[in-house]
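What follows is a group of structures, each given as structure tokens.
Both complexes below contain chain A, partnered by chain B and then by chain C.
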Partner chain A sequence: MWRPSGLFHVNYSQEIAFVQTPFQWVMLVLGLFVTFALPLFIPLDALNFFIKAFITITAVLGLTLLTGNCGQISLGHTAFMAVGAFVGAPLLNQGVPLILCLIMAGLAGGIVGLIFGLPALRIKGFYLAFATLAAFYVIRFILIHYFGGVVGHNVPPPSILGFSFNSDFRIYYLIASTCFAMTYFTKNITRCKWGRAFIAIRDHDIAANTLGVNVYFYKLMAFFIGCFYAGVAGLVLSIYMGWASVDHYSLTNCIWYLGMIIVGGMHSISGAYLGVFFILGIEEMGIVIAPKLAELFPQLAGSMIGAVPIIFVGLVLVLFIMIEPRGLVHRWEIIKTSIRIFPFSN
Partner chain B sequence: MVEEPILEIRSLHLSFGGIKCLSDISFDVFDKGLLAIIGPNGAGKTAMLNCISGFYRPQQGKILFKGKDLTRLPSHQIAKLGIGRTFQNLAVYAGASTIDNLLAGRHFHTKENIFAQAFWFGPAMKEEMKQRLFVEEIIDFLEIEPSRYSIVGSLPYGIRKRIELGRALAMEPDLLLLDEPMAGMNLEEKEDIARFILDIHELRKIPIILIEHDMGMVMDIAQRIVVLDLGKKIAEGDPDQIKSNPTVIKAYLGE
Partner chain C sequence: MENILNYIIAGLANGCIYSLVAIGFVLIYKSSGILNFAQGTIVILNAFVFYSFTIQLGIPMVIAILLTLAFGALLGFVIERFILDRLIGQPILAVIILTLAFSEFLKGIMNLGWGTDILSAPQLFPRGNITILNIVTLDYSRIAFLVITFFLIIIFAIFYNKTKIGLAMKATSDDTIAAGSVGIRVRRVFVVTWIISCITAAAGGILVTNVMGIHIQVAEIGFKAMAVALVGGLQSLPGIIIIGPAMGIIEFLSAAYLDPLVDGGMRDLVPFIILLIVLIFRPSGIFGWKHIERI
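== the complex of A and B ==
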């Protein structure tokens, strides 16, 4: 954060404000302007990249709260996205207003998440990861067998006040604004009592208990809120795809989401943004490079196209865990500090 | 006039399987009292505190706090009744800043609802400000202003101990349980903590139960002392009585 000398907080509200300096105001307005003007300048391919990124960010923000802030690992995040999509899509088909559908999708994801979060009351860490992995398959099974999951649901282009989101160009605006709204909620949750209770549970659940935090309640609420994000992201993804099918919500994606919060930085919003753009960027790079590698090694060409992006992402994850386990955000903090105290080093 | 005790321990029994951890312990903590629990290692001092804050469920006996039995209440409700505590091993939230640690201590004093919070309108902001003001007073009291914004995990041990104490104070407790607040400190740091404990006790009028191994310190600041050995209470009295009590000397030095 660039802060000219002599600019100090004079009260507490300034200190926890979303935007703290005039420079940040400029950046915020500029950032929003660029985001919303982007589709006018870039080709459709690039636009699809951004759409995918914003959907992923919405989902990953939920994971940031659940795993990064509250310390509850979830390997079932995409399943909760699927729940959101499978509840939201039929509602959209029946002509329920879009905003209401998004909220219902979020609530459905949240409630299912809360139910499958129940094991978290008893188990932690590695074991919880496996319980949520089981949740992934249970939900997938239920969706496939009882809610028409393999075929899925058609999702009509929704509209708000007559503005129909019927092309990628238009859907981009829906997705970007959903993502920003969710980001704003995340920021607010993390700076209030709830966010602090989550951190308390992550860092020392026994101490949290003696300080009056009802650990069971807040763990479940972390699941509810985290999966609310997943539900919303799931519905938004199905709107983009025009179709809700369990195949869009794979386990691989879920593991990559965890990878994204590791690469970005577990418990911050900017971490979610950085991680998502970084991993998706690496993946895109893999997709571009793969055909060229295939030309170089013709005997491997068949398997290379699909494998190269995954290998790239895997490699990046391993490198990050070894070199910068606290993520890009941490590295960015270090850079910021060294710029601030420039002639000296820290 | 007889003073009403704020905390009454009545014939407490605690055992894990065949191991008797506490047997037939009874004592009272009076309002405005500073009670120290001492005893050799493994005497059951921390187990005693864990019973009070609801981690262990004693098999028999009662713990009455303001006339209410604590033995079947969950920990977080015991905290709400007004019992704050610190831990022998540091239990700060290492990943959060000092401010957030202390604000987390204000948890059940913070009246917020999640919807107002998520949209961050009117009352949400005001409530945060109110809690922050309270926390700021504690920071001032414990003299940790320089580390206000630091991540607690990066602070030195002595400061972390203070932050833990501050977090317990932020609860506005009616009874404070301190489990070895001076463990692993040098003389100067110990004196600081002793000063804070006395200030808490005298200015804020909070009764304290203190577990400590530094006898000199205990004898200086405690008003009453309970001595435990192998799960039994072997003596109770003011520091002078304890110093000259032959059973206590035997427990510490052997025959």
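== the complex of A and C ==
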């Protein structure tokens, strides 16, 4: 890892510190300040965009761990989100404290993910992708038939210590804090023993096994942790919507999530952030442009609003994977390096 | 008793279509190692094109069918040339997401072009039933399905095992580098594979929408066909030809006898449950035997 010259670590706690240089401290405080002051200055539309982005980041961080770091492809991520929402929403209705609900939703998502991750012990690649796709349909079926999935559950505005999250403005703070807590958690997982085991399994599972990494255990743990994120994100999404229904957790969204980790850069947290903002930005652009296109082509106006964002995002993903499959983070690293070694860069 | 027989025959007819579509997957997977998640969308896109040719442009049925098959071939050529040839050697995740994103893109295009209503497909076969020995009642379209898919599979088997290009495909799927070194033009084989795969998709699309109506949701037939392919074993064409009808029969029987227990929807779920069980206990599929992607 590149560090500025003159920075010497003299003991272990400096070496593993989360923030290492004064510049990083400044960026961290500034970033947090901007994030939490943002709702005061931007209109409601933009606020909704950021809320959606932070929920998506929470879910995508799970995929970053599971798919980016451990190499296990999951096409069932939105189904695990739905599990979190359907466990958390009734608990919230019964007046269980919010933090406990979030943890329960995460655990439920994680345990269901663990069960449907079992095929990963024997298969990988295309087979695993399709097994998780099958899991998506099975979970959806169970939620619809046994948990009232189509009608859904009403989710009351939750509250912590009497502070009720009853408007988009207030929910923003809940969602941003959840997202940052999960980011911190991800950062710590990726640099501890477990994170290194995940990366070893992704790079070569047989080699990892011969080096003493318990491949079965860590694969299942990757599913558990990744789906824990999904559960939390699912409940948070249903709090934002005020309603938990399986229609909010579609396969298309899952495809977009996987696309986001590719567009961002597969195995880094900053990649998750970049990918989410990039793809959601494209989608938002489609939503804005669609009515204008509908004026140009009145005979297609009926389906324009639903179709244009999907066409935009689909096309961007296809082009992106063809042209820059290593993601935005890779491009950013190249730019950063060329600035650092400026007179000698090409 | 007569009910069971009816379900079995109906399932058999539907299952043949799964086999037909699954052949498309397997050919591509065997030759280039890419599993095309967009196959179901290609199936329904061809059905929409067929609808446009017949109903909207008023072209006679036989010519329209040929034109649709030609469109399928063109689509396969375009996909192979412009998208997939960059993907060989890329990580599996990139391939999966590219085909899925492409499928969503096509769905958006279809949504624009043909709307979201269920369109009724042009009538290919006369309506009506025949009753055999007072036991089984069959409508003409189901019989036609069985006969047509049977003939298509026979034609395909002859093509694959007897013609020069078919043998080249076989060799390429066995070992790409060895095939190239004995003078087979591997790139051309890939193109032919994609074209055939999309033609089978077109044939499947024309047939299946004849009973189900034309709607974007029919694209899920692609996932069911993929389940058939994985249960049969991705390496094995005979396995797929056997498993497809079997899966169709199980689907219809479970729809008939399990639906009352869980109030509906079993039909769309059973292939996936079977797939999960097979993947856990026999990951190579029932008839697959060669190297498989496992630890």
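Here is the rule we go by: the second predicted complex is superposed on the first by the 328 of 346 C-alpha atoms of A that agree within 3 Å, B and C clash if a C-alpha of one lies under 4 Å from a C-alpha of the other, contacts with A are read in each partner's own complex, and residues count from 1 in each chain.
In this section, a contact is a pair of C-beta atoms (placed from the backbone, for glycine too) under 8 Å apart; a residue touches a chain by one contact, two chains touch by 3 or more.
Treat the numbers as computed from the prediction; the structure is a model and nothing was measured.
On the superposed chain A, the positions of chain B and chain C stay apart, so the two partners fit side by side.
Shared-chain residue A:Val215: touches chain B and chain C both. In the superposed model, A:Met322 makes contact with chain C only, not with chain B.
Set against each other, chain B and chain C touch different numbers of residues in chain A, with C touching more. By the document's definition of touching, of the two partners only chain B reaches A:Trp194; chain C does not.
Of the two partner chains placed by the overlay, only chain C lies in contact with A:Leu258; chain B stays clear of it. Look at A:Phe33: by the touch rule set out above, it reaches neither chain B nor chain C.
Our angle of interest has its tip at the CA centre of chain A and reaches the CA centres of chain B and chain C; in the overlay it is 80°, to the nearest 10. In the superposition on chain A, no contact is made by A:Trp25 with either chain B or chain C.
Of the two partner chains placed around the shared chain by superposition, chain B and chain C are both touched by A:Ile206.
In the superposed pair of complexes, A:Ala307 makes contact with chain C only, with no contact to chain B. Of all C-alpha pairs linking chain B and chain C after the chain A fit, the shortest spans 10 Å. Shared interface residues of chain A (contacting chain B in one complex, chain C in the other): 206, 209, 215. Partner chain C is touched in their complex by these residues of chain A: 67, 73, 75, 116, 118-119, 121-127, 129-131, 133-135, 137-138, 141, 144-145, 205-206, 209, 215, 252, 255, 258-259, 262, 266, 300, 302-304, 306-308, 310-311, 313-315, 317-318, 321-322, 325. The touching residues of chain C, counted against chain A in their complex, run 29, 35, 83, 86-87, 90-94, 96-98, 100-109, 111-112, 115-116, 223, 226-227, 230, 234, 262-265, 268-269, 272-273, 275-276, 279-280, 283, 292-295. Of all residues in chain B, only 53, 55, 74-76, 78-80, 83-85, 87, 91-96, 100, 103-105, 107-108, 110, 112, 114, 117-120, 124-125, 128-129, 132-133, 167-168, 171 touch chain A in the complex they form. Listed in rising order, the residues of chain A touching chain B in the complex are 11-13, 16, 18, 185, 188-189, 191-194, 196-197, 199-200, 202-204, 206-215, 267.
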